[in-house]
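Every chain is named by a letter (A, B, C and D) in the order it is written, and numbering of its residues begins at 1.
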Amino acid sequence: MTKSTSSMACVLITGFAPFGGEAINPSWQAVQKLDETIIMKHKICTLELACEFNTSISQLINTIESHNPAVVLCIGQAGGRSEISIERIAINVDDARIKDNAGNQPVDTPIEKNGPDAYFTNLPIKRMLQALHNSNIPAAISNTAGTYVCNHVMYGLMHYINDHCAVMKGGFVHIPYLPSQAVHHNGAPSMSEETVINALKVMVAQALNNNSDVKIAAGTTH
Amino acid sequence: MTKSTSSMACVLITGFAPFGGEAINPSWQAVQKLDETIIMKHKICTLELACEFNTSISQLINTIESHNPAVVLCIGQAGGRSEISIERIAINVDDARIKDNAGNQPVDTPIEKNGPDAYFTNLPIKRMLQALHNSNIPAAISNTAGTYVCNHVMYGLMHYINDHCAVMKGGFVHIPYLPSQAVHHNGAPSMSEETVINALKVMVAQALNNNSDVKIAAGTTH
Amino acid sequence: MTKSTSSMACVLITGFAPFGGEAINPSWQAVQKLDETIIMKHKICTLELACEFNTSISQLINTIESHNPAVVLCIGQAGGRSEISIERIAINVDDARIKDNAGNQPVDTPIEKNGPDAYFTNLPIKRMLQALHNSNIPAAISNTAGTYVCNHVMYGLMHYINDHCAVMKGGFVHIPYLPSQAVHHNGAPSMSEETVINALKVMVAQALNNNSDVKIAAGTTH
Amino acid sequence: MTKSTSSMACVLITGFAPFGGEAINPSWQAVQKLDETIIMKHKICTLELACEFNTSISQLINTIESHNPAVVLCIGQAGGRSEISIERIAINVDDARIKDNAGNQPVDTPIEKNGPDAYFTNLPIKRMLQALHNSNIPAAISNTAGTYVCNHVMYGLMHYINDHCAVMKGGFVHIPYLPSQAVHHNGAPSMSEETVINALKVMVAQALNNNSDVKIAAGTTH
């Protein structure tokens, strides 16, 4: 984690520790390369989150409170997806198909007992999508972040934003396997680290630049 | 639509009109075969919903109010999915990739202006899943019903239930193409009408039989 | 195996024993239901082949020689495919990703040392495809039967036909999982036994009825 | 096309012109970057083939005859595949689902009237596969190059090698869309140009270095 030594406004980007038997997590591989980069007068600070239900949200919120970022973008691995997936919504349930890195496997457990069923991201996801496409980067809006630690963290983030600080923008993005991972997953699509890093820069710039979104059809029939 | 002539308790199952260039909608093909069937002392009544944003919810609610069903199960086509998909949640947004049958294409429009971002179904979806598997019917929990008319109707249903009548159970199920449709969609999976009809019976029985659910891991990592 | 007691002309349809950890093989489940059926004045005789490189071809040829069928149609399981797959060609190599039921795993071994690299089927595959589509059964031409026991048997069959008896027609068809199998393969497509049995009847009739094929585009760009 | 001005031994790598409505073909995008590169004392010469049944083979053979390459590696686009696909075999049939760039659409037409049904490549495909995996590049053996111009050219190449010059090694490799193409194909996987170029270098080195192959299981059950 970067220390908050400067008074410059910042953006927090998080990646995850490896899970599910992988040696690496492509989210942290890409995110750490952006540490201390400057995008539109904002310094990027980065954080590797534990892939654990019990600790990941508090880890994230501690860093938010010490850094007070303008934008929080959490990144996670979506093995099997082929595109940058910009998540639209986080839902208030943990339903883990496999154990997390601490050995926990919550099933049908609410993330926040009295929280609403879901929170939409407040990022300008359609502008982000459009900018990625203009940069020749395959991307889509996703309407589910799953029910594992990724969704868990996104829900925790949006719950915090809604409770504390309406001006902070936050959301979640899933990325494909790296090619080095796909080698071990017969037929799985992948995306190069360079493309992912470019995608992160493009999305952060859009998030900083826009307080409202455009209406571009990018839904699914099911 | 069946007339509410008897005093027998009932279950409402809806299907949709064809859309997106299809000649049929597998949901209505299957649902209409169950009309007036008796399952666990409940009569099945059925309704074909228009595939239209503007009219589908009010059509559904009118029939709910005239029939007062114990369970409402809405069924829709998910071309490209291979299994019975039991939807966990409906989200408060229309984002239509194609026009509906009335020519409307809402984009990033809330379904209920002051409604919450999402509603979980109150059906015992894990018991339904388990019972389908025990009946040798491929099925899964889905965490997104899309952003088209299916999600729209599910959101409208759950909004109505939450506003009016906590005792009514309701939810949404997506089904694959019929084989006759898959012939025209290169490589698309399908499910026979017989299997779909059996699946509907199995799910209705579970919905009638259970006021609480079991906790069985059936989530996704993304 | 059916005894060759009558003088009626016959069609031989084979299925396989289960392999790869499955409890059943959908090919034999469907094929055995057709035993002794009459299609166009031909009696169907059926045979369950071992899923073994060393014995399957000789099993098949023994039955061909005792029954002298007009058409030989071998059926195999293609878990993960969604359609009836009519195989166009068999290739002269075994490259087994998993052991067969006798524990053998040949890799890059020719099936016939001095055989040609491949044999096209001599079935009217485009007429069969067209007839399946007209019967509302999802189907496609496949240009690879893999490199496991299915391709092995198809190559052995076509090698025998080319060496011995140009008048006999033979080929191979892959079928999807049954629904009861797909339950155990997260997201895998399936096809009902009724649909598979209908497909077999449709294909046998076309094979008996046509000595030449029609030219209908059904290829792939890669 | 590069002129054959030097006496240095060479390797011929071909790409294709765009087809099927694409603005570019990733095969030629990558291949042209290698022109005049030296790999293991062999100069790379490159050629863009027309995506036309009538002219592509003669274009290829003219260049082979003027350059006398030690290895010929033909590259083509496989939109929808996620990996480098090393083709094992070419089959003696054109079955075009869409017209080629000259407006021709042969259906079930043999490529060589008196040619065998198929030819295996004589490249060391398992060593190439292993070397790609060791370089962290997703790759697989493919048992069908389709029935369009790619298979047509591979068949023409292997027919020429078998007729004329047993010492020349030749084969075909399919590559995914570039990211810039995948943007326009909802959900399609892609591979960066850098990764493809690296893959080509790795495969050429293996082809030059090995006159025999290793036996590594890399087949498919169907």
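Basically, a residue touches a chain if its C-beta (ideal position, glycine included) is under 8 Å from a C-beta of that chain, and two chains touch if they have at least 3 such contacts.
This is a predicted model, so every value here is computed, not measured.
The chain pair with the larger count of C-beta pairs in contact, out of B-C and C-D, is C-D.
Two copies of one chain, chain A and chain D, touch each other, and the residues they use overlap strongly: the shared fraction of interface numbers exceeds half.
The distance from the centre of chain C to the centre of chain D, with each centre set as the mean of the Cα atoms, comes to 31 Å. Inter-chain centre distance (chain B to chain C, centres taken as mean C-alpha positions): 38 Å.
In chain D, no residue reaches two or more other chains under the touch definition.
Taken as a graph of touching chains, this assembly is arranged as a ring, one closed cycle with exactly two partners per chain. Taken together, the chains touch in the following pairs: A-B, A-D, B-C, C-D. Interface of chain B with chain C (complex): residues 82-83, 133, 136-140, 179-180, 182-183, 186-192, 194-195. Put simply, chain D touches chain C in their complex at residues 20, 76-81, 85, 88-89, 91-98, 105, 107-108, 116-120, 126, 141, 143-148, 150, 174, 213, 215-222.
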